[in-house]
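What follows is chain A paired twice: with chain B in the first complex and chain C in the second.
After this line comes the complex of A and B, so read on.
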């Protein structure tokens, strides 16, 4: 790899964990379910970028693309299921607070 | 090879906008900014020669997911000012967590830099210059089965979660 490519690769390696950490920070510092899911989405964005950069610098972006497409499908399914869960939680507790769903009953 | 400055600007914009997305108290703004983050990520994917993934990211993550988020937010009651104050984690706790995360991030970056990574290891048993479609349909077809199963799980979950309670209707 050329010097410019190595620099760019390091840049991506540094930036993507930062995105992941922003997502973790969002999950840790909020009690709103929707904000928690936004945090999860940001974490997946970091992973997507890391996969794409690894594929690009590896010389095989086709492989990375297939993984990213699979990940996007999983992301959408997660969001759809969590949307259904949010509706039910709001119907039951009339609030989006995550502390309401801490206790398992049954 | 594109100019390195485009990548730097894009990555900086992605990180700054994602910080904005998580720091807004109103989640609707956060959801809209998340759509912008997805758009920037898709531009990055185009630059990293992943056009198919970029199109997926742009149409699904930037379009569909933002629409789902906004419809979920609009269908749930917005929290009042009192509830918002109760929900928010104390500033002190947030700051402690932020310092902790910055320390962890700094340490891990220092470790990465000391390793002097200059390459990505090649995957074994992968054919050279195989098309993405061939890759998905022929090489990774087991993943497709998994993907179909996940989609069916999502469908089943949506049917169960959005089902009307018949006993409640009778009462």
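After this line comes the complex of A and C, so read on.
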């Protein structure tokens, strides 16, 4: 790897945990169910970035591409399911507040 | 190869059930799915390479790169048994034809994911199959759309997504260093660069992700809620199979065929396992709800499995796999019993029940046997697997953990005795005079699972030679 590449790589390696922490922070502090899902999405975007950069730096970008496409498909399935859950939760409680869904305790 | 049929058949069955222009009734779907489970269970006894050329061509068309070893075959048997139990419980509990149909479709999809997970030899595919199982279980938990189930399912989704992100980052780092994701490449890379801090961080991230999926103690928040809120057949399936495969089986598989053991990783496993065993058992003692108590007991038993293969020897892996099998059988038996109680008594607090042994003899007897097996009383199957775990720890010179495992057995005994006393023994509480034994499908499943527990315990020498030794070659 050239010096520029190493700098670039460090940038990606730093960006991923930052996105992960932003996502975790969003999940922990928000009171809105949809914002929780957006937090999860931010984390997943961080991982996508990491996968893409890993593929670029070990010289196998085609493999990383196929991984990312599969990942996006799986992610969409999970998002659809969570949308269904949110839809039903909102129908039951008539609000998007996460404080409504704290009846069960561990 | 012929075992990819275990993945393709359920997928094609789901497609066949959902073809447009006609509708299959729920009863027929239940029948076909349970037939598939029976076939899958018997395929365990076939020789490994039995296949016919036509099937071979069909399967090679799908380009699935699968391999089979003893552990995969044992897990295939377990998943078939648990899925069969849960489908029969569904048949007894659910009257609506539509719901039976939906449930059977989802459980077949989940089985496809699970069978894929047993055979696959590539860490990225492991992620894909885990997500297939997880996606179906979110829907299965919330299938009745009641308030608590939706909440539990959403909680599970959030926790499990965080776990997925951890696993994927770990996969990305391993891919970066190894240049590929199949087990052999990653394993070679790990032997070369195992000491590197980035690689170690990746392995630890993977372990934590799988701990969340498997509900090991500090990460267990979602587990009792989902077991409690899910409908009865779903909790049989979740407790018996889903958390054990997505979390614990994958952990065993990764360490057995990819990473191998080293002392640092081993100590992480052992410490979390002991926390899980002890705190899980104490939490179970305090519960008043039948299913919640079983959930905490499940956390405690998962701790035993992790402790077993944390010993780091092949004997430990054999013990862990054997305990996984036993635990799946007797824990699904206990959840079947809880389904019987839910159907016949319709009370979930244990303090409100009492003296049901006279009214529900089969449920009562089978639950006694299941809890004796969980607590490790000879000659039932649970005794042998716990003995193997303790021996593995002792021979690996981890005597402190062996002592913890023995002492925690007493705690297991305690909470199950409290449960038996409150629910089945003693004087019959008022209002339960008209309680009848559970329907035939449920009693049949309880007797079947109970028979497996007893027979495996009694025929242990044969089981050890034929099943466990072939699963994990010493």
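Keep in mind that, in the parts below, the second predicted complex is superposed on the first by the 103 of 106 C-alpha atoms of A that agree within 3 Å, B and C clash if a C-alpha of one lies under 4 Å from a C-alpha of the other, contacts with A are read in each partner's own complex, and residues count from 1 in each chain.
The rule is short, and it goes like this: a residue touches a chain if its C-beta (ideal position, glycine included) is under 8 Å from a C-beta of that chain, and two chains touch if they have at least 3 such contacts.
Quick caveat: nothing in here was measured; it's all calculated off a predicted structure.
Novice: Touch check for A:21: first (chain B), second (chain C), both, or neither?
Specialist: A:21 contacts chain B only, not chain C.
Novice: Is the number of chain A residues in contact higher for chain B or for chain C?
Specialist: Touching more residues of chain A than the other partner does is B.
Novice: A:68 contacts which: chain B (first), chain C (second), both, neither?
Specialist: first
Novice: Quick check on the superposed pair: does A:85 touch chain B, chain C, both, or neither? Answer first, second, both or neither.
Specialist: Both partners.
Novice: Does chain B (first) or chain C (second) touch A:77, or do both, or does neither?
Specialist: both
Novice: Just to be sure I read the superposition right, which of the two partners does A:57 touch: chain B = first, chain C = second, or both, or neither?
Specialist: A:57 contacts both chain B and chain C.
Novice: Touch test for A:12: chain B only (first), chain C only (second), both, or neither?
Specialist: After superposing on A, A:12 lies in contact with chain B but is clear of chain C.
Novice: Counting only touches as set out at the top, which of chain B and chain C does A:38 meet: first, second, both, neither?
Specialist: Only chain B is touched by A:38; chain C is not.
Novice: According to the stated criteria, A:96 is in contact with first (chain B), second (chain C), both, or neither; which is it?
Specialist: In the superposition, A:96 touches chain B alone.
Novice: If we overlay the two complexes on their shared chain A, which of chain B and chain C does A:47 touch? Say first, second, both or neither.
Specialist: A:47 contacts chain C only, not chain B.
Novice: Quick check on my understanding: which residues of chain A belong to both its chain B contact set and its chain C contact set?
Specialist: 23-24, 54-55, 57-58, 60, 63-64, 70, 74, 77, 81, 84-86, 88
Novice: Would you mind writing out the residues of chain C in touch with chain A in their complex?
Specialist: 124, 128, 131, 134-135, 138-139, 142, 145, 147-148, 150-155, 157-158, 161-162, 164-165, 168-169, 171-173, 175-177, 179-181, 220-221, 224-225, 228-229
Novice: Considering the complex alone, what residue numbers of chain A touch chain B?
Specialist: Chain A reaches chain B through residues 1, 4-15, 17-19, 21-26, 28-32, 34-35, 37-39, 41-42, 45, 48-49, 52-58, 60-66, 68-70, 72-77, 79-81, 83-88, 90, 94-97.
Novice: Where on chain B is chain A touching in the complex?
Specialist: Listed in rising order, the residues of chain B that touch chain A are 1, 4, 7-8, 11, 14-15, 18-19, 21-22, 27, 30-31, 34, 37-38, 41, 44-45, 48-50, 52-53, 56-57, 60-61, 64-65, 68-69, 71-73, 75-77, 79, 83, 86-89, 93-94, 97-98, 101, 104-105, 108-109, 112-113, 117-120, 122-123, 126, 129-132, 135-136, 140, 143, 146-147, 150-151, 153-154, 157-158, 160-162.
Novice: Within their complex, state which residues of chain A touch chain C.
Specialist: 16, 20, 23-24, 27, 33, 36, 40, 43-44, 46-47, 50-51, 54-55, 57-60, 63-64, 67, 70-71, 74, 77-78, 81-82, 84-86, 88-89, 92-93, 101-104, 106
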